[in-house]
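Take a look at the structure below.
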């Protein structure tokens, strides 16, 4: 007993020191990207403004990331794309999280037929390919509206949260601690505040940051298969896809969005707590 | 034990990777010496001639009665000659001697009639438009009896939907289950939707072609096609985008071939639209477009900027006209004249209603969404808001039918059959055309088209053609944006490659391996 | 063979600069087993692992040991690997966890045979013989999760000794074992000694130490307090610590609250009345047709071998578990005043919030002020300040006492203590039980104690329900 | 006597098996109906006139006009009431007749079967690659948690997780096809064309597999039964093979199931990039062209594939781990 305790304590200490450092760096990187996404679109030029005479212009001091194949400012487009990715991903995650959380806790709390119905719905959702959901919703809304993308991604994600929250809440609610709280008649508020929430918090932080990554990547991926947004809206995936044709003549067009995408995801991945990095 | 295990695992991994890449490398590197590898953008979804028949004609597997030469003139196909009588209501096509299908059965007038009747029953085929009374097998020819004169029947018979397939090609419900054609190449295998393999048909009536085997592969992404061209994974690659063309030109061992196509990228305008009905607005939109810059940036070729409706490659339809030009001031003035004035934010408005239009286009040709984006930006500069909608191509006829179309950016091919007149007549049909004018007609154009269809003589015909093009030029029911150059990357392993502007066939029989 | 003795020369285990175990010299000879007893944290398990060579790398070891005529440096951990299973074997703690849950028992025993390699038929036969010898022939083709604790212990014994090792180290074998299983294990160990084996046993169970005989080593705070023949050390100890240790055995308890037992009124209205309750999981019955009435102030024990459903029955009486048949009825004053103490107190508190915050919710709900909590904590020997810590920062015994305080706040009429002290060593068990019973006696509430320790049951309660393997319940009313 | 307990064990496992199959069977049936009806209704309410779309898919956009659309409409009976068309489809489904594609007129079963094969081929190779590479890396990393291999593996995991598959595919194409000329960029047919798409899918997955394997192996290695296996005298290699891998697989297999599902859905991107004919390709085209029978069949196949994978996972866990409680977890 003693030995295994020491064992665990030592590794956890070493790990968490490293991971706090990593998390701090990740948070810093994210703040920088968020600032770029907020300030960029305010101060930079119109991302849709073309200057066809200056297509594929190399980076200069005035235009540090160069121009794309329509002579548009890559920097301005990048700022808008980053903002779009962040805002849309945050909305998707928030929606899916709230939906999944409420459903998951309700399912674990009430059990019985509530749980049965919720599980049936979630199992059906799991079996329906997420791609199909996104495709259909975005086809339904036609014209590449942001709403369709948002709805599609949120619908495709909530099950994940539901399943995790339900499983974890089930464990917490079935624990001796909650049994004791019930015997002490401490009421549902106590159970949520002292038991469920402290337990779910770090899990949800991890899930949410992973969800951000998933959403951002999914959006860019949809951009790649030309489902989702319509030109001239700047989106990271579309920018990367469009720039690929010019990877050898205008590498700045590819590198900038790839770097932002990579940084965004890496930072969100870095935000996760050390013990739950799946 | 520990080290043993680790060593084994470490050794195994690269070995697996190497084995996989190694065997793959062998097959990718060595280009097969007897197989011509063609790559194109379009998928083959069906064996039905009316659907995806063009690929088999291009691969010279199937043949039509009449075909066209490089100048777009009619040329003998399965028919050696043709003639008409009684005011073009009776046509007779003399079949070539010694033609056999790939299954070895001879081409008989009966089998030709059977194939043509199937085509005529297919709404999508231009043959369905021909007022056919009956098609009759003669001794060594087929005869058409028409209910009305139809001058351009031979041109219609160049269309790929009218290919002659062997009776064994069809199942009992008349569906094509196998392509058994008459051309110099026979199908070896078809894997819908992406690949076709053919081999030289030894029983062909003509001289045996030099190339033994041909593969066709459909690759949807232009950047992938460009990669295949530069890394020697294909011998002929169609449909490259500007960046890909640039890369091909910079690569040794492969070159670009191109040819101006009788195709125009144009803005189809709803002429009954409350805003667009005003010819001044249409002209203003046209003036706002910097076609040269667009052609330069998007198509990478200034010369493709359209100066009038039809390209110079159709000289008969390319009269001497004042070129369409770019003039933002003139555009603003015209719009002001029509009552559209800039509001506080610079956007044009009339009676408080902003000038915003919906523009539909489709992604089948990569240039279209790109040009739509450029048009959107150009019109934004003079204060016209455009909402671009990249959607399915069928939205154009669908919205034409329900009248909701405003602007559509389309690419119109003017020589689907070898004589552009057939298409022009359709484009300017007074009742409107799905891929032509909408809610626009002009008596002068109508009578000119009719006169041409009746078979007007040379000088008169030239006059009529000029009338049509000039009227369209002034009224702008269709706003030309750019012409179209088709291109192909061709490996230096291949000699004798010629691009047919009508893309009737890829002329594989003319190719040889470079020595 | 030459393995007829084991000698250890000055073995020291350290974490950083802190010594965790420091034993000068010890010797085991054939026919004379050595047993190390002591409370948890005394370093006795570490010593066993140091001899085996299985200490975690963070811990430093010094010293040496001699098996037969071969000397080994304890600091060289891997130097003894080739002895494992052949000359040096260890019977692990918690045998249920020491068996691979995904593998049939037979294979797990067989793989310990000398020179075993996959597909070894002779080893399988040997394993079968070994199991058969232990009365477990049928268990060979079973999965570990179907075995009872005692059976798992014997399977582990078979697997540990099939390799023919003479020296057997046994680490806390009594954890969670009921007396019957413990007896059988003691017989096995004695047989090992009788066959000429060397035996080193680590335990906090003095009964086991007594059964094994030989020499006894008492450890406390990393060092040896007392050593000598078992019959002397365990009957007439010379040090205070050993004396206290012996006195902490429930059979020797003597507390004021023990006299209070008769105070209960046998005619009072029952707090809990169960009639003919039956419970089964799937096809397996847990208990059948049990009837039981608990009146105010009564002290009941639920005893029986592990795994017979004592806890389930207790939970059923508290209506924490539904029953398949029968009824459980409560008197009028019972609502909200039935409390429970858990086997692992750490799991009965919200793990991620300070104790104080969890406690304040209880105080608010049940109208208890800080003074009452302070005095209750004082009664169980804890300062109020301890509440500022989180559950994982408090020792098991302390936390169980905090749980007792928490349970007392709603002024309960019945406390259900579910193996509440079975994870604690003797001294802590004594303190904790004393705290609990002082409160129980002081408030006059009833007690339902689940335990597999009959001595504890006898010491604390005056009514017993003994659950048998045959799913029946035998009521033994007041002594 | 000797066979008493195992007999019980076998009965329990058999009943668990039947339970799994029954539950998954019900799920499959429910999902089939749900997916069919849902697809049908959604496609019917999609904007745009289906007849035009179908005509465009059939004949190419140059030849679509009102007349062809009308003839398509009449031919396919698109003007019938929606419920009638839906009823037709369900009735045919009961007879295992998936109908013909509206666009290509080929039997849907044949067409979707072809795409399914492509997807399965790609997914299987990618999964194998991921398991071999990721599993080996995970086991190596777990030998010394916090060691150099472990840290490299962690970096690798984060790196591949942060790169979307299409980007990875593009990079692989640029390196292996364009620069080195080793592998074909696109295509379908010979083994070499499978390498890049499988590599693209497998690389992303291998990181995750490595992570899960590592965590599972670390946990299992710390377990009492692995320690006991050591002190029994079993050599390290055999402990790994007999105890560690099997128990780690209990954790890994359900995870791989989830990943296989994601993989099959995610294949569309790779299919698009490498011109690989698969279900994603079929799905995108079917939505684009309003090819309802193909769409329904593809969605159905995808959904049933998901159910099948989950069933296989359930059975695999049942086989790997006889403990009854695990079943709940993998549901």
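We call the chains A, B, C and D, going by the order they appear; numbering starts again at 1 in every chain.
As a convention for this text, a residue touches a chain if its C-beta (ideal position, glycine included) is under 8 Å from a C-beta of that chain, and two chains touch if they have at least 3 such contacts.
Since this is a predicted model, take the numbers as computed values, not measurements.
Engineer: Closest chain to the protein CA centroid?
Structural biologist: Smallest offset from the overall C-alpha mean is found for D.
Engineer: Distance between chain A and chain C based on Cα centroids, please, to the nearest Å.
Structural biologist: 47
Engineer: So how far apart, in whole Å, are chain A and chain D when each is placed at the average of its C-alpha atoms?
Structural biologist: 22
Engineer: What is the distance in Å between the mean C-alpha positions of chain B and chain C?
Structural biologist: Between these chains, centre-to-centre, one finds 84 Å.
Engineer: What are the residue numbers in chain D that touch two or more other chains?
Structural biologist: 48, 272-273
Engineer: Multi-chain contacts only, two chains or more: what residues does chain A have there?
Structural biologist: 4, 7, 142, 244
Engineer: Two or more other chains in contact with one residue: find those residues in chain B.
Structural biologist: 391
Engineer: Per the touch rule above, enumerate the chain pairs that touch, sorted by label.
Structural biologist: Going through each pair of chains, those in contact are A-B, A-C, A-D, B-D, C-D.
Engineer: Could you pull out which chain A residues touch chain B in their complex?
Structural biologist: Residues of chain A touching chain B: 48-50, 52-53, 55, 69-71, 142-144, 226, 230-232, 244-246, 248-249.
Engineer: State the interface residues of chain B toward chain D in the complex, per the touch definition above.
Structural biologist: Checking each residue of chain B against chain D gives 1-2, 4-6, 9, 12-13, 16, 20-21, 23-29, 42, 45-46, 48, 50-52, 54, 123-124, 175, 191-195, 217-221, 224, 227-228, 230-233, 362, 364, 391-398, 400-402, 413, 416, 433-435.
Engineer: Considering only the defined contacts, which chain D positions touch chain A in the complex?
Structural biologist: Touch list, chain D to chain A: 27, 30-31, 34-35, 38-39, 42-43, 45-48, 145-146, 158-159, 161-167, 170, 174, 208, 211-212, 215, 222, 261, 264-266, 268-269, 272-273, 280, 283-284, 287, 299, 302-303, 306-307, 310, 329, 331.
Engineer: Quick one: which bits of chain C touch chain D in the complex? Just the residue numbers, please.
Structural biologist: 52, 54, 84-86, 89-90, 92-94, 97-103, 108, 111-112, 114, 116, 118, 137-139, 141-143, 145-146, 156, 159-160, 163
Engineer: Which positions of chain A touch chain D when the two form their complex?
Structural biologist: Interface residues on chain A, with respect to chain D: 4, 7, 11, 14-15, 119-120, 123-124, 126-132, 135-136, 139-140, 142, 167, 213, 217, 220-221, 224-225, 227, 237, 240-241, 244, 247, 258, 261-262, 265-266, 269-270, 277-278.
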